[in-house]
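One structure follows; several queries about it will come next.
Chain lettering (A, B, C, D and E) follows the sequence in which the chains are written, and residue indices restart at 1 in each chain.
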Amino acid sequence: MTELTLPLPVRRSSAYYRLRRRALRSLQIFALFLVLIYTLFPYYWAFVSSTKQGAALYRSVLLPALDFTYYRQLIDNPIFMGSLLNSAYVAVATTFLSLVIGISAAYALGRIDFPQRRAVLMVILMISIFPQVVVLSGMFELINWLGLFNRPSALVLTYLLSTVPFTTWILTTFIREFPRELEEAAIVDGCSHLRILLKILLPLMGPSLASTGILAFILAWNEFLFALTFTLTDENRTVPVAIGLIAGTNRYEYPFGQIMAASVTVTLPLIAVVLVFQRRIVAGLTAGAVKG
Amino acid sequence: ETISVFCAPTEFELCTKVADAWKAKTGNEAKINKMPALLDDAIPIYQQLLAAKSKDIDVLFLDVIWLGMFKANLLDLKSMVPQADQDKHFASTLNAAKLDGNLVAMPAYMDVGLMFYRKDLLEKYGKLPPKTWDELAATAKEIQEKERAAGNDKMWGYAWQAKSYEGLTCDAIELIASNGGGTIIADDGKVTIDNPQAAEAIEKAKGWIGSISPEGVLNYDEEASRAVFESGDAVFHRNWPYVWGTSHKEGSSVIDKVGVMPLPVGKDGQKSSGCLGPMYYGVSKYSAKAQVAADFVNFITGTDMQKMRAVEATLNPSIQSLYSDPDVLEKIPFLKDNQQAFADSAVRPSGYTGTSYNRVSQAFYRSTHDMLSGSADPKEGFASLAKRLEKLKESR
Amino acid sequence: MSARLARRDHRAAWLFLLPVIVAMLVVAVWPLGRTFFFAFTDAYLDDPSVYSMVGLDNFIEVFNDHSWWLAVRNTLIFTAISVTIETVLGLAIALLINEAIPGRGLARAAILVPWAIPVVVATRIWEWMLNDQFGVINKILVGLGVIDHGVAWTASSSLIMGVVIFIDVWMTTPFMVLLILAGLQMISQEIFEAAEVDGIPAWKRFWSITLPMLRPAIGVAVLFRVLDALRMFDLSYVLAGSNEKVMTVSIYARDRLISFQELGVGSSASTWVFLLVALVAIIIIGALRLDKAAGH
Amino acid sequence: MASVSMESVSKSFGTQSVIHNVDLKIDDGEFIVFVGPSGCGKSTLLRIVAGLISASSGTVRIGGDDVTDVPASKRGVAFVFQSYALYPHMSVARNIGFALETMGIRRDAIAQKVQSVARMLKVDHLLDRRPRELSGGQRQRVAIGRALVRQPDIFLFDEPLSNLDADLRMEMRMEIAKLHGDLQTTMIYVTHDQAEAMTLADRIVVLNHGRIEQIGTPSELYHRPDNRFVAGFIGSPRMNFLPVETQTGDNSAGVIGPGGLSLTPKAGDGETIAEIGVRPEAVRIVPTGAGRLDCVLERVEDLGHEHFAYCRIAGDALWVIRLAAAPAAETIGQTVALSFDDQAVFLFAANGRRIGLEAEPSDIRRAIR
Amino acid sequence: MASVSMESVSKSFGTQSVIHNVDLKIDDGEFIVFVGPSGCGKSTLLRIVAGLISASSGTVRIGGDDVTDVPASKRGVAFVFQSYALYPHMSVARNIGFALETMGIRRDAIAQKVQSVARMLKVDHLLDRRPRELSGGQRQRVAIGRALVRQPDIFLFDEPLSNLDADLRMEMRMEIAKLHGDLQTTMIYVTHDQAEAMTLADRIVVLNHGRIEQIGTPSELYHRPDNRFVAGFIGSPRMNFLPVETQTGDNSAGVIGPGGLSLTPKAGDGETIAEIGVRPEAVRIVPTGAGRLDCVLERVEDLGHEHFAYCRIAGDALWVIRLAAAPAAETIGQTVALSFDDQAVFLFAANGRRIGLEAEPSDIRRAIR
């Protein structure tokens, strides 16, 4: 060993460190508090605003007025409630379809060794970067040609453009993470590819299905441009469009309170879903996207 | 028979009523579809439907500035609506819908820029409603300062709209036209914007920002500026007639303190030039039931229905006779005094520009916004705008 | 090699890829093809059936348009600044809620809320909160004595880009946090422990261990965000209409296509947007060697 | 160098109590090995010493100072992880020298120090590589080098060799022993491997369910286990056990068990013997009738240098017998007798305590050789 | 049950060649063990037999039929993985019965079959549990059960016991041996563990760098290795080697080496002896002068039932000596002499081939006992 003498570490008393740790902990909790305010306050404010009427809106009182007129109006509005149902249908169907398509593609891309695998993956990634406006007119022709104009199903179809690439991408990385031996065990047990996918991989992909599913769901639930363009009549509209249709008594009037009430209402299911699946979203992404 | 009609979401109930009345009268049904609240969002929808020659839609609700855009896809109503019915409307309004010799739509009601003001404050400080913009600025300034001194430190003199959007085209045209500076492009297609009066008007308005108007007006639209006025924080307020209704609704801080007048003028003797915003109904060329649809258009734009809308929703009729109708006046008392405002209105140059209107308007409001926010000089700005517009004209 | 076994697998692979291929052909390739096609025509939106081919004229027109370059500049500035802030903030928050502190479960859930709110709505909320006369932000700042009268956040042309970036940061930081958090959780805890026992101070641990180890995770997150930011549309559009100060390339393309009805020029603008985004994507993917990851 | 002591240290994760009231004094320069079944709390205890986990209660002292709340980075300990935990993005040289970088030492001094440590561990030709380009043994050496370079007061090892091949493990084991011989630094070492524990330790600490079962030198634990748990845990193959019944005779207790077993153990002190144990190497196979109990010789395994015979007693307990030479092939499957010396028999009470601890027969050791 | 044969099987992954021209015939009912250093291709070869990997060239036959192009599911093989690869979302019962489900067998028939297999493996009380609720040994049993239930022609095991504790490993090893004894099915078994290889195999295949070094019974490999690699690989601790120089004398070659070694080996046939090898248990420590070579006794390890002595020869080679009793304590650190019988010496040529293979001294075996 060389003679290099290392500086002696300065070590203070146990009590000093105890104090320091407590201080640090308090600081962290405070920072966390700030983060919570930062992320939640706007939503809270939307809620506050939605319970105020008229000029009360212009007085910045931090407490909600707890006037639920707008909410009552929403609930009594069959068109709005109908659009909730449409949204649910569109979002669920989109999610389901993109998961089915995505998982099937992901199995091929993640598990089967074939030469063009990388190219296919890159093409799919490239597709996911198209701006939506770019395809609007072509999409409209397609919808008309399929006779789907003004049907919620048209939205399901068009949303696949945005959801399928990333579901495929995330599920592929996830499937690749999977212990290969499970699949080999199944092969030896006599399973076909389809059976492996259905009986072995699928039941085990809960977390990543949940997280990609939620991403797809949020996307489909919140989409506006296509929904606006491809539906015509009230009974076929989705929630964001329905919110877009909430109007005052004049074309220039912007009924802020009502719109905030509607926004709070439609965001609620999403928040609930996110809360419930919070752990899985992180877990699913852990296995998925980040690996790339 | 059943036809399909587009209606603004704000007028959904009115439209339903019209449809009921029409059914009672003719036995035909009209199915009402809501348009997006941001009416401009309807453009691509119309566009797609018309490009696809869709039969899904018969009657379209149209803003005046869209008429040029859709004229190729709209049915000529000249022969389908009785001449007598056509003649009941303000000529200027009806003429705005006559493009390439076709009557592409019928006016349903009209909007015009009006000046709202605080009756109570003007009285308190012994002021008369101003006639010129300079008077307005001076009055606004005085009241603002006195009110602030009295502790009302949120008070502003004048709230208007200068966000970089279509509304600014209106506000700016009003200022320029009332100062004798024309309406950007004349009816014959001549680009008129590069003139000293126009520059002067904008220069003046620029001076207001920060002194009698909050800097925020540079991103105010109708609603943002109305909020200031209706919470009692502005003396003057330029807006559309609907503010009359909202400022008298529960929750407003200025109930019964509001007065209305035509917009001021640049100099004595010039014309007040409220921006005209009439709305129309037209029939799609691809409608399978064109005659029924035209009947409906005539019905919904007819005297009875316009009166109904005026009474129920304070929408200003485009039919001259209604301006002396007692029922209407009871509901909208200012109509009588402001008939001139409607007659004198400044029309945006959408008739000539047609499909290109949005480009012209965007170029105009963008350069105006630059001038108002101080990043461009009005004289030079309008000169270069004029050149751009000339070039635009060539491109189509 | 028993090529027969391999060929069988390849056939199975294409069979499994069939749905995605069909779906993408229908919803992506065909509409895109139309857009590319129209980019070479002089068609107008009011009657797309009438057109003639004009070669590269539309591309040249866009290329020579001052507004386009303004939009490109805005887009790049917006992307660079907002993604940078999001990354730094996302990293900080991710590190914070990765610590074992009480309430972090709640924080992890709460951080996702901005993400679940539709963009249009979020923009409206912030516009409202930032209102110069009635905005709660101004109220609070005035109350705290930071400023003496309300700032017109969205009016001044020097501030509006800042506001757009601010709102975007609020809306999309959760995405960053999520991806970085996921990355953090994949790093073996023992590496941090090793550094701690080795007496490495916290800042150095962060700088020399955490950051380099998080690089792949941050890289992917940045890629996704950059691609998204380059296409940004609704936020700017809802907040400021077509204010040139915050006009993005997507708004430019939409203006030409929808507001101006120029199907041809609009399509070529869209194509330019696509090319821009693809270029950036390729650069980032190359820099991160994401393609390797994809193939391996 | 420093002594370590723990005073009634306990630890629970949430509601799960993992370490119960551990008291332990480790002298300066000692080599201590923690062994115990998986999940018994070895790693947890080691991490408490390192400061990576804070104890729920109790006091930890290093060199006499209370360090209970001192963070790991200030304790002057070095930790070698089972997974090595090398920094994957740094070269071997930086991995080793990283701790010195923050001490304000000059670059060339660091390089020199790293070089000398690397040379000592025979990884000096690898200094530019990344950890993923190293073999398991090389990684292990780098991990040790990283610990070494800081000249810590205490080395902590958590199963450092368990990812290595048998040969390599043997080799590294010797190097760690040599390291301890050279440095004379206090070392605490966790392992699963019998050979490592037996050969490296000055004293072994046997843990079970978060409690210390016994502390002692390897030979003490092997020859004089306190209880059945330690007796069964130390030694490979493990000790053979047989449940028995005590039959109280005139003045000393007799013991009978399956397979015709009958013993008259010396000690006893009136305690009831519930089980006996005999190590595999203390048992001999003899012709039927000549032994202490009968069993069926089920199977013989030839390991080259030795043989294991498996013998089933009364259809139940299976005893392993370590033999130098294979038993005659024809005896396989047949009943044979087993014989062992009295001194080789360990006696256990029903609660597992070994009986006769006090009157330790000094010749047990000789008996099983 | 079936025989397996491979005819010049090769495999490369991309440009990396992993298996080179392997020829191997396995008889029906044989228990074959593959051993070799990590990365030598054991698993790859096993997977080629299973059909999980297809060979790059060559032919694989099972029961005489060419199965080179037959998919894994049709080969009638069962595979037990190191990681067990149990389906985590299925109960133990479904895990075992899954292959039967795939075959479309009736539910009650499956249940019955699963029950009987589970009972045989003593996991019938666990049938409703999920894999994560099982201990390592139980998982291992379930994995074997899953293989068993299909009554395959061939069992393939890839290090099935390497995740288990020493005790458990020993126990499971016996059960696998018993299984083979009962079923008499062909089994191929990959392991790192010397004891498993030695005790389970009918024949061991030693692989190195994708080539077969030697095939033979455990005893053949231990006592008559073909080359230095096999000699060094089989046996634990490994054989002691010493490089030597051949000095050609009158009619037979004499050999001298470090530490004063001097030998006159019987065989030779003119081949140059480059190295000699002696197993640890064949070496004895004797007083200086009384042995064949001198060395410094560096260290002695006490494992309880035996001792390892480490002796350094001429400051270089380190020999391990297995001893029943510890050498006298005062000899540690001193020079001692080592002695071994002539018959215990293995001779190697410079290319590693063992010399004197043909004229195998039949008494080597006896010599090292």
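Note that a residue touches a chain if its C-beta (ideal position, glycine included) is under 8 Å from a C-beta of that chain, and two chains touch if they have at least 3 such contacts.
Owing to the predicted nature of the structure, the values given are computational and were not obtained by experimental measurement.
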* Chains in simultaneous contact with subunit D and subunit E -> A, C
* Third chains touching both subunit B and subunit A -> C
* Chain pair showing more contacts of the two, A-C and B-C -> A-C
* Chain nearest the overall C-alpha centroid of the shown protein atoms -> A
* With chain centres defined as C-alpha means, what is the inter-centre distance between subunit B and subunit C in Å? -> 37
* To do: List the centre-to-centre spacing of subunit C and subunit E in whole Å, with centres computed as mean CA coordinates.
  => 57
* Structure fact -> Taking each chain's mean CA coordinate, subunit A and subunit E are separated, in whole Å, by 53
* Asked: So which bits of subunit A are touching at least two other chains?
  -> 9, 57-58, 136-137, 141, 244, 256
* To do: Mind pulling the residue numbers of subunit B that touch at least two other chains?
  => 44, 227, 231
* Structure fact -> Listed in rising order, subunit E residues that touch 2 or more other chains are 51, 71
* Structure fact -> Chains touch one another in the pairs A-B, A-C, A-D, A-E, B-C, C-D, C-E, D-E
* **subunit E residues touching subunit C - in the complex, by the definition given at the top** => 51, 54-57, 68-69, 71
* Touching subunit B in the complex: which residues of subunit C? -> 44-49, 131-134, 150, 152, 154-157, 160, 240-245, 255, 258-261
* Over in the complex, which subunit C residues touch subunit A? Could you list them? => 6, 9-10, 12-20, 23-24, 26-28, 30-35, 38, 45, 48, 93, 96-97, 99, 101-122, 124-126, 128-129, 133-136, 139, 170, 174, 178-179, 181-183, 185-186, 199, 216-217, 220-221, 224, 227, 231, 233-234, 250, 253-254, 257, 263, 267, 270-271, 273-274, 277-278, 281, 285, 290-291, 293-295
* Of all residues in subunit C, which touch subunit E in the complex? -> 1-2, 4-6, 8
* Asked: Taking the complex as given, what residues does subunit D use to touch subunit C?
  -> 50-52, 71-79, 81, 83, 85-90, 98-99, 101-103, 146, 150, 156
